[in-house]
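Once you've had a glance at the structure underneath, I'll fire off some questions.
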Amino acid sequence: MNDRPAVAISGLTKQFKAGVTALSGIDLEVQPREFISLIGPSGCGKSTLLRIIGDLIEPSAGTVEVNGKPAHRARLDHDYGIVFQEAVLYDWRTVSKNIALPLELLRWSREKRSARVKELLDLVELEGFEDHHPWQLSGGMQQRVAIARALSFDPALLLMDEPFGALDEMTRERLNLELLRIWDASGSTIVFVTHSIPEAVFLSTRVVVMSARPGRVAGLVEVDLPQPRTARTREEPRFFELVTEVRERLAAGGAELEVTA
Amino acid sequence: MSWAVVQRRVVDWAPAVAVFVLGIAAWQGLVAAFNVQEFLLPKPTVIAQTFWDERSSLWHAGIYTFKEALGGFALGSSLGIAVALVFAAFRPLGTAFIPFAVAASAIPIIAFAPIFNNWFGLLNPFSKMAIAAVLCFFPVLVNTLRGLTSVDPRAIELMRSYAAGRVSIFRRVRIPASLPHMFAGLKIASVLSMIGAIVGEYFGGPITALGVLILNASAYTNFPVAWAGIVVASAFGILFYGVVALAERLTTSWDPSRRDFHTE
Amino acid sequence: MASIAIEQPGRARVGEATHAAKRAGLVVVGVAVFWGLWEAYRWIGETLGITWPFRVDATNMPHIHDMLAAFNKPLQPGGPTLLHYEWHWALFTAKEALLGFVLGALIGFGLAVLLAHSRILRRGLLPYIVISQTVPILAVAPMVVVGLGTKGVTPWISVAVIATFLTFFPVAMNTLRGLLSPDPRSLELMRSYAADRRSVLWKLRVPASLPFVFSALKLSATACVIGAIIGETPASIQDGLGGAIVNFNQYYSTGPERLWATNIVCAVLGLVFFTAIVVAERLVLHRAPEHVA
C-alpha cells in the first residue's frame, strides 16, 4: 500500500452561474482505507464536493487529486464507484444484470462477470435474488444492489451521497453495520455524505464538519471508537461524547478551524 | 419583455429559421439541378407566383374548408371531452368502454369518408364536418381521460380531508389538472380536423372546397395550383394548431411539465 | 395519421388465460351490442321516417347481415365471391402497410436517435417534423406515385412510401421523448463509469425508451394502414382496398352493402395490425406494474 492520499483536495472553490458560492477554499486529505463522513447543514455543498471528487462537476478553482491523479483522469480510469440516495437501478434489468452494468461497460467477459456478480451478491447478502427485478425489492435491498454495483469493479474509492437517507431508521442502522463489514472486506476508502450525526460518528474514522454558504470545512473530528464497530458501539459513552462534539461543531459552524485529536 | 428574454427567443428559433431558409434554397436549387419535372414538384418561386395569381380562389376555398374543419373540431372535441368527463366520473363505465374506444381508433376512419358523403350529401359541408369530428373525437377523449384520471392521489386525499364532495373535487382538482393533457389532445385534433375535411372533399364536394380544388388541379395536371392548394391546407392546419397552442399557453402557464426536453 | 401523437407508456403486465378469455368475451359482447344498436336504429328510423341527421333507409343503413352476406355473393355473374376479392385486396394493402410500417419505424427511430443527441438539430428540425403532418398526404399521393413511377418504382412501393410518411411521425416523437426520459441521476451514474455516448445510448436511453416506442408503434400500426388506403385512393390503384372503396363508392346505389363490406375489411385490417403490436408489447416489455414514466 502506498502512502499517497486517496483523495487530496487543495484550495477548492465552486461557484455556480447564479452567483452562488457553493464551496470556498476547501483543503482536505483522505488517507487510504479511511472512512470519511461529510456532514453539514443543507446548502453547505457536501454533495457538490462529492461530485467534484467524482469529476461529475467541475471546480471553479483549486485542485482535486484522486489516487494521485487529477479527478478527471481518475474517473476515466474507473478509480471510484458512486452510490446515490436513490438506488438508480434499471427497471428492465434483473438484479444480476444491474450489478453487472459497469462490468459490461468495462468489457469484462461473461464468465468473469458472472463470477464477480456472484461474489458481490454474497457480499451484500442478496443471494437468491439474482433474477429479481428492482421493483420487487425493498428500498434497503435496492440500495444494497446499488452498493454491490458500485463495488463491482473493485474501485479503491467509494463515494456515497446520503445512500441511506430515504430509508427508515432500523433499516438504516442495519445497513450501517453491513456497510462497515463491506468496507472492511473490500479495503476501500469511503467518502460518505450524510445528514445524520449519529450515522456519521458511527461509520467514520474521521468526520468532516462543514459550514454553509459558502461551504467551508468548519472542523475535523477524529472518531477514536474501537473497530470493528457493533450495535453496542452506539450505546457507549464515548459515542455520545463524539456526537455532542460534532453537533457543537456544526452549531459553531465557520467560527474556527480546529482539529481535535 | 426584457432584452435577455428577446435574445433567448431569437437564439431558440434561429436554428429553425436557418433550416427553413436552407430548405427553400435547396428545394429551388435541386429542382433546377435535377431537372425535376415541373408538374411533380415546381420550384418554390413558381408556387409563390401561382399563390399570388390565384390568391382569391385559394383563400376562399381555404376558408370554406377551414369552416368545415372548425365545425368538425368543435363537434368532435366537445363530444370527446364530454365522454371523458362521463368516463372519469363513472369509472366502471370507463374501464368497460375504453378498450372499445382504443379499438375503434385503430379503424381507418378514412374508409368511412365516402359513406359520410352518402349519408349527408356530397355538397353538404356537414358530411366533411362529420369526418373531421370522428377524427378529433378519439385523441381528445383518450388524452382528456388520461388527464382526469392521473391526478396525484394525495391531492384527492387532501380534498377529502376537507370533506369536499365529488363534484367539488372534480371542479377544483381533476379538471384543472387535466388541462395540459386535454390540450395535447386538442392540438392533435386541430391538425387532424383540417386533414379530415380535405379527405372528405376528395371523395366529392363543391368546387368551392379546397380539397376539390386540389383534386381538380391535379386532374387537369395544373400542378402548381395543386401544390399551392396543398400549401394553403398546410398553412391553415399550422395556424389552427398555433391558435390552440396559444390558448394552451394562456390557460396552463403554471404547468411545470411544459419545459424543454431534458438535455444531456 | 397519428391519432394520438404522444402517449404515455401503459401498463405492460402479461395477462393469463382467464384474462384473455374475458377479453374475448368482451369483444363478442361489444360486437353484439353494436349490431343490436345498428338494427334497432334502422328499425326505429324506418318506422318513424327519420331524415336527420341522415335519412334512414336501405341504401344508407344496409342490414348488417346483408353486409356480411355480400361477402358470399359473386362480384360478377358467375365469378368468384366478393370475399375472394376482398381477401386479395386486403393482402395487397397489407403489404404496402407493412412495408410502410417497417420503413417508418426505422426512419422514425433513426431520426429520434439523431435528434436526441443534438439540441441544435432538435430546435432546427422539430418544427418541420411537426409541420410535415399538416400536409394532406392524400393530396400529395398522386404526385408521389407518378413521380416515383417515372423512376421505375412500382405503384405499391410508392404507396408504401406514403404509408411511411404517416408512420414515422409518432415513432420519431415518442422515441425522442423516451430517449430523453432518463433522469439526471441515471446520466450521472453513466458519467461516473466514463461511459461513451454509444454505451449510454444502448444501455440506458434505448431500453428506457421502449415503453414509449411501443406506444408509438400502436399508433403507427393504425397509421400505416390508413396511409396505404389513402395512398391507393387518388392514384386509383385497383389492386387494393383503397381502389375498392373508390369503385364501390362510385356504384354505391347499386350495391351499398359492398362498400360497407369493404369498410369492415378495412376495420379488421387496422385491428389486426394494432393487435399484433399489443401482443408484441406484452411479450417484449417486462416493466414494473403501475410504472409511470
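For clarity, chains are labelled A, B and C in written order, and residue numbers in each chain start from 1.
Definition applied: a residue touches a chain if its C-beta (ideal position, glycine included) is under 8 Å from a C-beta of that chain, and two chains touch if they have at least 3 such contacts.
What you see is a predicted model; the values in this text were computed from it and never measured.
A.B. asks: Where the contacts of chain B and chain C overlap, which chains show up?
C.D. replies: Output, common partners of chain B and chain C: nil, no chain qualifies.
A.B. asks: Give me the two chains with the most inter-chain contact pairs.
C.D. replies: Summing C-beta contacts for every pairing gives the maximum at B-C.
A.B. asks: Between chain B and chain C, what is the gap in Å from one C-alpha centre to the other?
C.D. replies: Computed from C-alpha means, the inter-chain centre distance equals 18 Å.
A.B. asks: With chain centres taken as the means of their Cα atoms, state the distance from chain A to chain B in Å.
C.D. replies: Those two chain centres are 52 Å apart.
A.B. asks: If I count partner chains per residue in chain A, which residues reach a count of at least 2?
C.D. replies: none
A.B. asks: Per the contact definition, I'd like the list of chain B residues that touch chain C in the complex.
C.D. replies: 12-16, 18-20, 23, 37, 39-41, 96, 99-100, 103, 105-112, 114-115, 117-120, 126, 135, 138-139, 142-143, 146, 184-185, 187-188, 191-192, 194-195, 198-199, 202-203, 211, 214-215, 218, 223, 226, 229-230, 233-234, 237-238, 241, 261-264
A.B. asks: For a test of understanding, state which residues of chain C touch chain B in their complex under the given definition.
C.D. replies: Chain C reaches chain B through residues 1-8, 23, 26, 30, 53-55, 59-60, 117, 119-128, 130-131, 133-136, 138-140, 142-143, 146-147, 150, 176-177, 180-184, 187, 221-222, 225-226, 229-230, 233-234, 241, 245-246, 249, 252, 256, 259-260, 262-263, 266-267, 269-271, 273-274.
A.B. asks: Taking the complex as given, what residues does chain C use to touch chain A?
C.D. replies: Residue positions touching the partner: 185-186, 188-189, 191-195, 199, 203-204, 207-208, 210, 286-289, 291.
A.B. asks: Which part of chain A faces chain C closely enough to touch in the complex?
C.D. replies: Against chain C, chain A makes touches at 51, 54, 56, 75-78, 80-82, 84, 86, 88, 90-93, 101-102, 104-106, 133-135.
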